[in-house]
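Labels for the chains are A, B, C, D, E and F, by order of writing; each one numbers its residues from 1.
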Amino acid sequence: MAQVVTFGEIMLRLAPEGYLRFVQAENLGATFGGGEANVAVSLANFNIDAAFVTKLPKHEIGQAAVNSLRRYGVDTTLITRGGERVGIYYLEKGASQRPSKVIYDRAGSAIAKAAQEDFDWDQIFDGCRWFHFTGITPALGQNVADICLTACKKAKEKGITVSCDLNFRKNLWSSEQAGKTMGALMEYVDVCIANEEDADKVFGIKADGTDVDGGKLNHEGYKSVAKQLTDRFHLKAAAITLRTSHSANDNDWAAMLYDGTDYHFSKSYAVHIVDRVGGGDSFGAGLIYAMLQGYSSQDTIEFATAASCLKHSIETDFNHVTVAEVQALVSGGGSGRVQR
Amino acid sequence: MAQVVTFGEIMLRLAPEGYLRFVQAENLGATFGGGEANVAVSLANFNIDAAFVTKLPKHEIGQAAVNSLRRYGVDTTLITRGGERVGIYYLEKGASQRPSKVIYDRAGSAIAKAAQEDFDWDQIFDGCRWFHFTGITPALGQNVADICLTACKKAKEKGITVSCDLNFRKNLWSSEQAGKTMGALMEYVDVCIANEEDADKVFGIKADGTDVDGGKLNHEGYKSVAKQLTDRFHLKAAAITLRTSHSANDNDWAAMLYDGTDYHFSKSYAVHIVDRVGGGDSFGAGLIYAMLQGYSSQDTIEFATAASCLKHSIETDFNHVTVAEVQALVSGGGSGRVQR
Amino acid sequence: MAQVVTFGEIMLRLAPEGYLRFVQAENLGATFGGGEANVAVSLANFNIDAAFVTKLPKHEIGQAAVNSLRRYGVDTTLITRGGERVGIYYLEKGASQRPSKVIYDRAGSAIAKAAQEDFDWDQIFDGCRWFHFTGITPALGQNVADICLTACKKAKEKGITVSCDLNFRKNLWSSEQAGKTMGALMEYVDVCIANEEDADKVFGIKADGTDVDGGKLNHEGYKSVAKQLTDRFHLKAAAITLRTSHSANDNDWAAMLYDGTDYHFSKSYAVHIVDRVGGGDSFGAGLIYAMLQGYSSQDTIEFATAASCLKHSIETDFNHVTVAEVQALVSGGGSGRVQR
Amino acid sequence: MAQVVTFGEIMLRLAPEGYLRFVQAENLGATFGGGEANVAVSLANFNIDAAFVTKLPKHEIGQAAVNSLRRYGVDTTLITRGGERVGIYYLEKGASQRPSKVIYDRAGSAIAKAAQEDFDWDQIFDGCRWFHFTGITPALGQNVADICLTACKKAKEKGITVSCDLNFRKNLWSSEQAGKTMGALMEYVDVCIANEEDADKVFGIKADGTDVDGGKLNHEGYKSVAKQLTDRFHLKAAAITLRTSHSANDNDWAAMLYDGTDYHFSKSYAVHIVDRVGGGDSFGAGLIYAMLQGYSSQDTIEFATAASCLKHSIETDFNHVTVAEVQALVSGGGSGRVQR
Amino acid sequence: MAQVVTFGEIMLRLAPEGYLRFVQAENLGATFGGGEANVAVSLANFNIDAAFVTKLPKHEIGQAAVNSLRRYGVDTTLITRGGERVGIYYLEKGASQRPSKVIYDRAGSAIAKAAQEDFDWDQIFDGCRWFHFTGITPALGQNVADICLTACKKAKEKGITVSCDLNFRKNLWSSEQAGKTMGALMEYVDVCIANEEDADKVFGIKADGTDVDGGKLNHEGYKSVAKQLTDRFHLKAAAITLRTSHSANDNDWAAMLYDGTDYHFSKSYAVHIVDRVGGGDSFGAGLIYAMLQGYSSQDTIEFATAASCLKHSIETDFNHVTVAEVQALVSGGGSGRVQR
Amino acid sequence: MAQVVTFGEIMLRLAPEGYLRFVQAENLGATFGGGEANVAVSLANFNIDAAFVTKLPKHEIGQAAVNSLRRYGVDTTLITRGGERVGIYYLEKGASQRPSKVIYDRAGSAIAKAAQEDFDWDQIFDGCRWFHFTGITPALGQNVADICLTACKKAKEKGITVSCDLNFRKNLWSSEQAGKTMGALMEYVDVCIANEEDADKVFGIKADGTDVDGGKLNHEGYKSVAKQLTDRFHLKAAAITLRTSHSANDNDWAAMLYDGTDYHFSKSYAVHIVDRVGGGDSFGAGLIYAMLQGYSSQDTIEFATAASCLKHSIETDFNHVTVAEVQALVSGGGSGRVQR
């Protein structure tokens, strides 16, 4: 029985070593990741009973995906086995002015072809307190959007808190499709995570004065986005991540939580990037952890931001940090002195 | 203008290092291969102008596939660019009693979704003397089978020799489908390559007294298969490869050529396997090379068998040997003494 | 609730890459293994609910050991966390006439310093049907031998089948110590696994006419050893593994099961070795699996031997094979032909 | 028929992994590179038909050099095969205050021992629009300088634009030798690329107020150098690269183009270095590309500088970027946000 | 006969590749290091005859430790062979806000269990001019502290200069134990190296106004610490290293030497960290070298600081730089321009 | 003062990983080796004081060569530093019927250009009992042959035993040159090592009935060769190695010693090859060791053969085995059972 259930796709991540470009690679690091899976691993690393729900083929590549989650303590017993393929994403790590590049090869994956009957949400939600998904999952296809809706309704029925990270993916669907589908799902969502771009692309919610590509951030704009989201969807809380991208190596990272009453901004961190993928997911996990523990709004946003700040220093999608490590950073660590 | 044109799919080959099983791998060797591509590379290594025809996406993974061929001198200028994905096969290398294992993830690849208008065979066959394909290509889908038929007809029209390696793949189609489609294509084929299992599974041509799994070989049976193939399809020549599998590490390897008159058996080699994939393709390339050079039937089968014997000692799908190296083995080398 | 519980030490295994000697290595493969842990992983790979019981430090090296088990589905929730260090063994892989070499650095490990109160056997054995340990565990120290005795008594009390692999380690204790301690434990054992050398070194049970170093095997001698073991300790069954070592690369492998009535010899396999460590443990796991499934004596010994035959083709201590793969070998596979 | 022909040496580049020093390395990355080869690869990556001309041994190391170029689409059919050795350079990557270190082992290479009759410039220049070489090529020996002169004269004869990157190498020749030889060659050069140090060391052309080691840059000084070069050698254009070296990890990078009328300065980029080698060559390729496309002077210098800015983020000598990627940076990219 | 003798422990250093966390690693870089061993290697790289004294097991892991020193020219003939194990430290490299982490597994090592009779200091000090140890060595156990005292007394007797780097390790002993033991040893010390934290933790010597974790440095405070140390223990010189830790990637590094008369501050370097371990040891080696050469106090502190600045750019514990490289940095290098 | 001095060239050995062919490699293992250096390392591993004499450049590649010897205990203090380059050999490991391939790039190395005054043989031979060189050294050039002659004369003068391994290299000189130069040197040689091919190619000494390429061995022929060598050059002993090459993976290995009175044949070993290079050198080292220890002729040939049998199981040129390991094989080991 898992306290937190996340639902989505876990993909094989194929990445050239170091800063090699795709056309130079003769070996690919083969790990696994995906928005909701990343959240589940992060929570397991915080010692939360977390289950990840998806559909994966019975063959060895599917098994390796399962094993990648079990290894870090995620409950994988609710995963449906079947289908033909594990979705893939190719990742080339950027440096300096050269951006990281992702090529998706996820069409036709087992979860993208899943059916309602593949999942028994009554059983899945047994003992659950929190359900999390991202905007990527319903974008996989109408069938998956429908399953997601079923899950949301069932969660609501059972009094489970529902969180959603908007996570707009332009190669999976259009803003129109996203707006319509996500709008319906948001009816069941309690906590929404977004960055400014997501809110705009999915719901047309804009904050003036912010230039995403240039990386300029605007605190008032973020407040406005969070308020609009919260008001439109009757949220309990909306969290906005604030990334300023100086280069592929150096970003500033901060976040804001609007709890319906006040706006809580976290400290801002200058991060030297080891692996930027999964940054948002680690934020979501930190947020869920802190809210489950009953942290204050300010402590919540500081915990979530510090957790995701640390993620940027860790290879692969998964955020391998403990609660103690996050708290050490919140408490003023971060100078990077050797811990003996 | 290429002397030899081969047509088919080139896939990304993802293989754990050494003898690691799929579930142990955290890195995958990323090379490229596929029946007809392997033949083209082998011919280019023999200094034959060889072109490989396929369809590949414009993105970097598609580009890497093109580059893998260019690197070894294959003409890639006739490749159509477009489509979404590069087909994949996962390869786990066997050892001792544990067999190698292949998991295909090739559905929906650019070539599998190609259309007749993607290929201008008049242009492709400009200056061509030999056209080669395998039974895998038409198995990719009816559309590809149709393209293959167009190519065969055009080749015949232009007096180009056509060769086909039966290469039955049970996960791509049934024996019934294969028999029907391949039967139609064989009308245009001059030289057929097969092993006993292919001939049986595709055309129901059997040779009594041979136990494929047990690896027992029967010379009379092979003669019978070659004669039946030749007679049924009016071939100029039929070549049968003879593999005795003692273990995943040790095989015996030989072959036979029936030229419509006589049966020519090659020497048999006890091979210690480095990489067995592409063994049949390297045989095909050796056969095409020798026939293009006008070798006698016996010299032809010896060259093709020696070339493919050496392939078993080379990592990845491609056979990186020169004509001189093959001839050295034919001439009695093979003791493996250091060449300084 | 685990069907099978195994108890012992899991060590960090540090091994140079390929055939490098210790003095050449600048990198060490870092995996985990140990007799009873290996059995648990193998059973989990057979889809048996298997738990491994030990004590491991709370730090990241201890956590990595836990993760290595979780990854393959072993229940690690019964592991006690505490102590200072994870035991280590350095492994250098042999080749040809050069033997593999093991250097142990396991003194002072968390499990070697464990106390009775670290383990609540009532809780551990909840729902358990089979308990397994090896002669290595009691050899870690009198404290661990005492814990082992407690476990055996509790298992007997609960009607749990107890199996023991004698596994004599001369660097951990003398034959005298081993004989005395193991003798007391054998009172509770139902199924004993040994090779001829173990039986001799621990209990002075000899079979004439066998030369262990020379690798000559003697069927009658093995029968005699099994009968003596069974009679002296009132066993339900005794299994003897039969290894003929031709070189570090090539061994013959077979086994015999005495069920108190008949002697059942398995097929013998000529194995080309990838990694020989854990061969005996994989045999034990196969035996436990087959007996839990109620296989006949002959089917049991064939399954156990085939499972362990395959282990020799797999890197690291753990045997990553499925029931289907073992059965395929039992049913006459083993020629190593590619599985597509 | 290649639009652009470059002529020079391609060397085996042997580099320890990551930041290891030479004395620590047990493996060396083995790639290929050299000024003019780097330019040819970069142009091929821009989809320009580019041929590289050199002499390389027939053995496998020579073949591997050819393959490294073919892989990325460079025309290698004009390369002369023969001679004994492939030149080598050992590269140790610097970090922070520790500089990168190059040890050359190129004496006696096939190209360094080449003769006039190894190259048929009439054939080589068939269809060519642009000929490029660097100051390294004539420095390989008087024979190579003579070949270079022959090529320049033939190019002039055929109305081919000639560009030269001064690239002074103090370990190959003295300033005196360089000045004399390069002076003669410059008679045929249309476009000259240099940095301030080259202009000084080769032709004694100085710009006051610039401290190369300290990395202080002086715009007026650069203008003066470009004008002096242009005036003395009747150039159509002179381009000066402006590097400010803060550390082995961090440089500022910009450039200036003097088109005989105006001085065009590019944007300046703060680059975080992955691999600095080939930075100048990638600038040359960008310049040639832009001039071939008829870009304006300002667009030309922006394109060349952005192309070479990106090179600093790419491992090995070759600049693997597309025209679209360069244009994205020119158009205001560079914040390094992930491209999905 | 070695000019400089250092005494202490050399450990096997096991470190995940790159920035991988412990729980992600499947391979560990296996090198060797330890305070005094690092000093010896650094001195050998400066062409000083340096011997390292310790006790190491006779097995291959012990031999590999010896070889790691011999490889770089350290005299290992005075090492006592015996005992059971080589101490280990696990090192996880930090990045950005995530600190590096060290897990020690050194209890029970051969040197930690050594006895007085394992070392013949008369023989060891034959021809010696300088003896160096750190506060880690006596912390290994009372037996080792006693051996250290014997060595110090003998050194004093022979007129050998004695230096000590305080190097407080809280996991080896308490401040109370350290203060008592080190206080006794300091009676024989001529040159003391410390950072502010060491002086405080071992001797309670504090400098107001400095915040170690925040990385704020205070020149007056450092002077005060050096003066207190010198006065209390009648030192000839005290050197203080000044690290400001901005993140795990970026530190400022400088040092100060108090020669009993004046305070000499070095230049401060902004270092981009490749490997921070051994930074202090490389400073010690630089100091010893400079003092042995009779450098002025200012030149001494500049040399020692530059040497240790460069260490931060070098993988593993050992500082592989030459005197010429250090002098180049002292003389104004550091811009990281490629050395060809 | 070294007991044994060997003189020759040590080269950088660049080898693709595993069984990759040269044209596939993107990384090269970078170790060092060469006939006489290999002998010195092997002797150092036997705890003999062995010095290697050569000339090596002062740069880091030369230093790395020195370090590779120091690491294993070879005395490198007699090496002359200077010259430009370290000789290189590229090694591609063969498998099955595909032979290993060596490409030399050693012309112009520091030792090949050395002069008489680079070596002070009086100093070098101080305390020496045995001098060893191979036929490769004088083949490097007349200058090196002259130095070799000087060394031989000085050795004779001092009563030092001189051994020579004929080691004919056809790419360095002709049989005529070899015969003349080696004939002059043999005047000073006491112990000669050869295989049948060497004796024939250098001195025209033939043994009928042996087919080297086919690997057929003929005991009588070997006796004849040894006797002819001994008689012609007044040797104390002649040793002949007997290799039967079944494939690149499997050889039989034995040897014979003629002591002027009797012919002593060793056991024959069926070796499964890990790395065959340096096999002959390890034999020479075993022979020198055994003769220095005063072993009987039969014990000598058994020791030398067993030592070199083990070499075939060890990666790189150097034979990392101890006297105890060799003796274990002589005493009947070789079954490859794990040593715990």
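Quick note on the criterion: a residue touches a chain if its C-beta (ideal position, glycine included) is under 8 Å from a C-beta of that chain, and two chains touch if they have at least 3 such contacts.
In UniProt terms, the chains line up like this: A, B, C, D, E, F = 2-dehydro-3-deoxygluconokinase.
Worth saying up front: this structure is predicted, and the values here are computed from it rather than measured.
Ranked by how far their CA centres sit from the centre of chain C, the chains are topped by D.
As for how the two copies chain A and chain D face one another, under half of their interface residue numbers coincide.
Our note on geometry: chain D versus chain F, Cα centroid distance of 45 Å, whole angstroms. Centre-to-centre spacing of chain B and chain E amounts to 62 Å, using the average Cα coordinate of each chain. Between chain B and chain D the centroid-to-centroid distance comes to 42 Å (mean Cα coordinates, whole Å).
For chain A, residues that reach two or more other chains under the stated contact definition are 18, 21, 23, 26, 67, 72, 101. If touching chains are joined by edges, the resulting network of the protein chains shown has some other shape, matching none of path, cycle, star or complete graph.
Chain pairs that touch one another are A-B, A-C, A-D, A-E, B-C, B-D, B-F, C-E, C-F, D-E, D-F, E-F. Taken in their complex, chain E has these residues touching chain F: 67-68, 70-73. In the complex of the two chains, the chain B residues touching chain C come out as 18-21, 23-24, 94-102, 104, 169-171, 213-215, 245-251, 276-277.
Chain E makes touch with chain C in their complex at residues 14, 21-23, 25-31, 59-61, 63-64, 67, 84-86, 88, 90, 92, 101, 103, 105, 107-108. Of all residues in chain C, those touching chain B in their complex are 18, 72, 269-274, 309-310, 312-316, 320-321, 325, 329, 332-340.
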